[in-house]
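Structure, as structure tokens:
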């Protein structure tokens, strides 16, 4: 299953070349991730704080750009999630201009997250709330 | 009349003190301004480019902070606009936690914009499309 | 006394109008503030964390813009600090193009900070390390 | 040959988890790239504008994170550049804590740039000023 999110490109996200600055794509990817967590009932203030037993930092990211985006563009972003190991998951994001054909995406990105113990900084298995979130995305 | 906008605080907008970094409030103010322009039929790509005869840069801004905001908070932002001279307008923004009483705002901000000729950099009167946008906000 | 800081305008700090996005000025102001704290021996990681007894959030800010700045511009930023009450201080920032006359600044900004107890969120007097930092800026 | 750059982590670059937000690494990478262009005599305002015959947008980027960074950390960033085709080049960035051993980097990143004609959006060979910049990085 996928999670779909809609977003308008803001003026601050453009640069003097008149188009979107490249790393904004990764901020938007994280925004989709946050929104999907909230949609599955997770409290983002607690989830992203240092005060719980585990954290899920991004250990790798990447993006490809196919078409420039500019201020006011309406984007449709489609996220897919998969667990990689018991301690790791990966999110893939595809970016489309709203209303365009799904074959022609404007960009794509991914983030890879590892679950670690906050104290020891060692890998540990994903907590139940993340497993529940992941299962929303698993095809039956 | 006012323009009301809703927004969720994102993780990137917080800092290591656990709350929203102060200047984010001004980015959100501009986001509300952009959204109100789009709502009145203005194309933001053209409006915010250098290729037209006039621009409306911000010449002054300010903000006051009453309560900290954090990741996941749902905000309601209310914008009021007034023309100051034929060449100038001012936007006021009030920030509330969604669902809270209107007497208790979390922050407020303003931006003051002057319309200038792109070539000469001298003040000129507001173009028709901005006057139309302003009139949406004028009480009858 | 004043604290002087030099900085180059980055590409990400410009927008599709070809010039610096307005709220970047406040990020630069905070960067100067941080640098002055480090220069007086303060550890910024500890200072800006939630784990100590007090914090000094910004309760008010403002800026005025006189000339547009663009990618690659070299700026000289001059900070002045004054204590307002025993629980409050204010930083003023003036922005110049490097090598220009001091009468012609490109922008100015300020931040007003209040010292509060982390637990009770009530005002308290400035801690010794901030008083020491302030005294660097006091004229003899 | 390599280009080495030093930088302090700013408060705004941290998030509520207390460490650097992941996509900041790519902003810093671009800052190193800009600085190396300026060092080779290129005017960044012209280079990054839409008004010349060619542009060199980023078509792909990526990053890996090995250790968290936090406010006030002093970083040493080492950039290597290689031309891939006559129309394409790639920049690799390695991030170290200042004073640490070169075997232990905190993160790494890359950006891949393609030179295109501003009008036709088709690939073209790199302009002379970029070839000159690239040759600075070529070992004899």
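We call the chains A, B, C and D, going by the order they appear; numbering starts again at 1 in every chain.
Everything that follows uses one rule, which is that a contact is a pair of C-beta atoms (placed from the backbone, for glycine too) under 8 Å apart; a residue touches a chain by one contact, two chains touch by 3 or more.
The structure presented is a predicted model; accordingly, all values stated were derived computationally and were not measured.
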item: Same-site or different-site touching of subunit B by its copy subunit C, using the half cut; value: same
item: Chain pair with more C-beta contacts, C-D versus A-D; value: A-D
item: Whole-Å gap between the CA centroids of subunit C and subunit D; value: 27
item: Where subunit A and subunit D are represented by their mean Cα positions, the distance between them in whole Å; value: 23
item: Interface hub residues of subunit A, defined as touching at least two other chains; value: 11-12, 14-16, 18-19, 23, 27, 30, 45, 48-49, 70-71
item: Subunit C to subunit A touching residues, read off their complex; value: 11-12, 14-16, 18-19, 21, 23, 70-71
item: Parts of subunit C lying in touch with subunit B, wherever the complex brings them together; value: 15-19, 22-23, 26-27, 30, 45, 48-50, 55, 57-65, 68, 111
item: Subunit D contact footprint on subunit C (complex, rising order); value: 8, 10-12, 14, 18, 27, 30-31, 34-35, 38, 43-45, 48-49, 70-73
